[in-house]
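Both complexes shown next keep subunit A, but they swap its partner, so subunit B is in the first and subunit C is in the second.
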Partner chain A sequence: MYKLFLRSLISALFLLGFSINANAEFKVGFVYVGPTGDHGWTYQHHEGRNAVEALGIKTTYVESVPEGADAERVIRQLAQSGHDLIFTTSFGYMDPTNKVAKDFPNVKFEHATGYKREHSNVSTYSARFYEGRTLLGHMAGKMTKTNTIGYIASFPIPEVIRGINAMTLAAQKVNPDIKTKIVWVFTWYDPGKESEAAQALIDQGADIIMQHTDSTAPVQVAEKAGVWSFGQASDMQRFAPKSILTSIIDDWAPYYVERSIAARDGTWKQQDTWHGLKEGMVAMAPYNSAMGSDLIKEVEQLQKDLASGKAHSFTGPIYDQKGNILVAEGAVADDGMLAGMNVYVKGVEGDIPQ
Partner chain B sequence: MSFDLNFIGILIGAIMASSVPLILAASGELITERSGVLNLGVEGMMIIGAISGFALMVVTDNLFFAVIGSMLSGLIISLIFGLLTQSLLTNHVATGLALTIFGIGMSAMIGKNFVGIPGKEFPLLFINLKESIPFLGPIFFGHSIILYFAFGLPFLTNYFLKKTKTGLIIRAVGDSPTSASNQGINVTLVRYSCILYGGAMCGLAGAYLSLIYTPQWIENMTGGRGWIALALVVFATWSPIKVLIGALIFGGITILQLHMQAVGLRIPVQLLSALPYIMTIIVLVVISRDSRKIKLNTPTSLGQIFYKEK
Partner chain C sequence: MEVQLIKIEKRNDVSRSIYFLTPVLAIFLTLFGGGIIFYILGFNPIEALKFFFITPISDLYGLSELLVKATPLCLIAIGLSFCFKSNNWNIGAEGQLIFGGIVGGGVALLFYNHDGFYVLPIIILSGAIGGILFAMIPAILKTYFNTNEILVSLMLVYVAKLLLDYLVVGPWSNPEGFNFPETRQFSESARMPILFGGLRIHAGIFITLITVFLTWLILYKTYLGFQIKVSGLSLKTAKYAGYKGKTMIIIVFMISGACAGLAGVGEITGPIGQLHRNISPDYGFTAIIVAFLGRLNPVGIIFASLIVALTYLGAETAQIFLQVPKYTGQVFQGMILFFLLGSDYLLFFKIKFLGLKKNEL
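Up next is the complex of A and B:
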């Protein structure tokens, strides 16, 4: 009797499971590296998710997922629980995403800022943040009085090094005496460490603070110390109204909407997307009027030129720290070189940590 | 690195500011441990203090309430530890670890609605002469009242333990609870008080982080400082003055590391963050070679459960 009951229970559960699967509606999952309230990187991805949700598509998200073993577990769980499209929104999710993708060929995966597409169901996408860094460099070069730019860097990966180089090149162009000081904090999000780093840079004479980390701590430190700063990933203006000159804004919403619709309608194909100012994936927050209208006009013109292709962030001649030529005069760096960038350009102090 | 005097002053000021949470938490834990109780929940109590302080600041818009509230919440959370270890006689180590895990989870839950809210400027104690006096200015001025309190606390603690009757009672309880009990001392009551005091200080240490050091709330914002504070108590061989010295060394490592990077010197970051623990182990090895030195300050009954037969 007991066994019979158990057997019917199990089969009932199976039926239930199948019926859930059969009726399964289209679902999109998101994996975030920070909390949705970081007002930086993750916040912007979450805004993108909200845009997808607004279409009436069901979405789920998991926030503050560490890059590592936990990430694979979370991605796998999303795939198992009937999500049809999963966005993994941090560089460190690259290997876990590809690993899970192999086991779930019917689920589509979109990995942000990575370069591995080992299976046909994995796409990658990123934004040309370095175009924004070029604008920042131009402003920094013009605004600095101490000729020292402080840069808080996260991890020594091409994306971060590209940003440092793009900024330095643009700053050098308007101010040849510029020095870029870099502090590596080895985290994307640790306000305590980020603010200590910002303070250290300011104490060493930097009057411009730039960050490739996600919290608002550095701009708050800059505001308190009375130096200029730039917001990262989203408009951080309200955290440092006097200090922030502008912010680089990542706008993922149009891409997320497009890809979600494609996946739902069955037209999703593997691709590698790298959009910038032109497509609007990189946008600039309003410029601080403290810069003066002349400089704002200059920057706006440069922004237009970068978007139209008239200007390029990496136009030769570009030299590495030892003076070897990287990009010849008149040429521009190709995407392959940009994607794998792992050396500093001339004018950056220090070595890239290994 | 420019080696002018004023810059060194700025550096010392920054190191002092970063060592405050370590001094507060370690001084509190030191009293707890001197009464014979090992509370490994420092990190948990700190993070609860951090979120309570920040939440109260946002809700009441009053920094005084925020600071008092953070101490109270640290105290309440340590009361849980007290109830378990003193009244229900559970293992100190296991309970303390559980308290840390509980604190981190609980704070994340409470903190959900407080992420991304900018903090409030904390008033400075004196007229800010930071800029006007070279070298000494950045060392003595431009700090919050909590920093001055923290730097006085180890001396007060030292006096309290060595010169007052209550201090003697605490030490007696920590060294031999049985003898103390036979003398008519209520061991459980003394230990409860020390646990609560430790909790309040850890709460204050957390509030320093969320209200002054980085005025905002972020999940897990104590970032392991509670564990360093625990190591610090051992590093200081349970002596309050050495806690102060150790906190400055441990705080200094973090700040100097960033400055060395900014001038282009490279030392593996991972090695530097491990340094406090490595130094603690070295100190432990050194003191264990000289048993007289250990006996001087180490509470002999540390971590042992005391049970009075009725």
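Up next is the complex of A and C:
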């Protein structure tokens, strides 16, 4: 009898917990890895959220959620408190997202940059940032005097390797003597480490600084040293007005709007999205006039061709560092190869850290 | 002309009950201060405080999460209480936690796809040993080379973090994981048993509870506990009494390292299930607040860990329901400590206002 009572008490409490929070209104939740004011990765996701909010859809966000044990609770709380669609915007949320998705089959989940879709209510999405890197490579190849490009890299994951390769290939096309020097900082956001890396690259003769990290420190170092640089994730022009040639912008707004409307109208389906310049998920900030109008015209044309599919970032022949052929002449790399990319192309210095 | 002079005097008679009541007072002052902050931000303070302190634990899941969060905090703080009671300032529990996690996680990876009841106990034990080994560095340096344990233990946190970074990026990274900085998910045999289906509360809580009980036993019922307390009150007295100071330093660091290591291994075999770069959201540092809020007393630390854990959960719900910045949680933790230290000061010292004529100076 006592046990029965206890059991019903527990289930009653459970139901109470759920029913308090149950709400009929359509709501979208966002989980951010950084603060909304990081001027990089999270800032851009937050801009995407603002676009959804502007439609009159109610949204909620939780910022600076560590990618450890806390992530699962935050995602679950959003699901439990009546959110119908939840965007988890960092790779480290992959397993927690799938775990919570299993327990909330009626809630839709969208995980950025991951590869696990263990349940039918989990979609993944990412951007073809490498298309932007191709444009950067073209500009870098034309602008460099020392033929040395400095690249601040975060982690040796395919996304970062792809960016390095795409940039190097495009730079080689306009300047065969180009060399890419890389410093791995093993962090996405650490202004101190990033500026040290930028300085080290400049000391090694790089007159172009590129980053696959999120802080504005590298462009500020470049500005001081009088070398060229490129912004990352958001338009960082105001942090280094002279030095920045352009920034690759992550524009999540169209995707967030589309998916939110689909979820609200009941047409949401599981998918794996990989959008680029064509769909506008990757966009370019205004080009610095210091490049000269001829180069700007070239880059704008290349941008159009990449968007239309006339040009591809990985068009053969492509060789690895040892000279083995990766992509045959005339062919282009398929998405499978791009997704798992783990070798450098010829012209990149050093080894991928293992 | 009159000049106000302030004189600060030590109080001789501090009531024991008030000593244990000041943390409660600090919490009430924090609630009051928090209410004012919410009011300034434009929220109804009562409602905001309700979202902060009641909503997170209004269902079973929330209660279980509170315990999941409090378990490591309590365990580390209990270990630290040994150090702090005996005037050994171990600030590097975070590093000991991470190193315990590294050793325990390494063993868990060694036993990948290996079944057997003995797997988990071995992992837990190795985590504790990892914590002990890492805590031995500042302890031995202090006893034999007279270094400052605050500096050494704090700096070793970075060593542990960088070592973990290196391992999860390089040699231990998941071979099927596209080079992402994380290890494989541990096998089921290497995971802490879940106590209730659907909740995350795991068997690690028993480790914490047993540790609390043992701590109470050691501190209040053994000669060792007496020695620790005496050395904390007066090192000279301890010396005259003939206590072996060096051995004691080693012992308290061992205990506190073991607790931090256990907390680390509890996290990776409990809610996380793998090694990656973020196995601890600074539990080792937050536990310092917990230890002092709990008056370095085992029972006090249990309550303190629950309250501090609640500030984390509260910050999340407050952001979900009210969209106040998540950093309010840290503001609350800061306020609790501030009010506690403030009332402690007034408890141990009295402030006298002396009105004096200028010519008397």
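We adopt the following convention: the second predicted complex is superposed on the first by the 331 of 354 C-alpha atoms of A that agree within 3 Å, B and C clash if a C-alpha of one lies under 4 Å from a C-alpha of the other, contacts with A are read in each partner's own complex, and residues count from 1 in each chain.
Assume a residue touches a chain if its C-beta (ideal position, glycine included) is under 8 Å from a C-beta of that chain, and two chains touch if they have at least 3 such contacts.
Predicted, not measured: the structure shown is a model, and the values here were computed from it.
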| item | value |
| --- | --- |
| Clash-or-fit label for the pair subunit B, subunit C on subunit A | clash |
| First (subunit B), second (subunit C), both or neither touched by A:95 | second |
| Partner chain(s) touched by A:172 [first = subunit B, second = subunit C, both, neither] | neither |
| Partner chain(s) touched by A:186 [first = subunit B, second = subunit C, both, neither] | both |
| Partner chain in contact with A:76 - subunit B first, subunit C second, else both or neither | second |
| A:121 touches, of subunit B and subunit C: first, second, both or neither? | neither |
| First, second, both or neither for A:247, with subunit B first and subunit C second | neither |
| Which superposed partner A:39 touches (first subunit B, second subunit C, both, neither) | first |
| Subunit B versus subunit C as contact partner of A:313, first or second or both or neither | neither |
| Subunit B versus subunit C as contact partner of A:155, first or second or both or neither | second |
| Set of subunit A residues, in rising order, touched by both subunit B and subunit C | 64, 186, 353 |
| Residue ranges of subunit C in contact with subunit A within the complex | 58-62, 65, 68, 165, 169-170, 178-182, 185, 198, 200, 267, 270-274, 276-281, 312-313, 316-317, 319-321, 323, 325-327 |
| Subunit A - residues contacting subunit C, complex | 10, 13-14, 16-18, 20, 29, 60-70, 72-74, 76-78, 80-81, 91-92, 95, 103, 115, 155-158, 186, 340, 342, 353-354 |
| Touching residues (chain side subunit A, partner subunit B) in the complex | 35-39, 43, 64, 150, 181-184, 186, 189-193, 195-197, 199-201, 203-206, 215-217, 220, 238-239, 349-351, 353 |
| Sites on subunit B touched by subunit A in the complex | 1-2, 7, 10-11, 14, 18, 115-116, 118-119, 209, 213-216, 218-219, 221, 223, 254-255, 258-259, 261-264, 266, 268-270 |
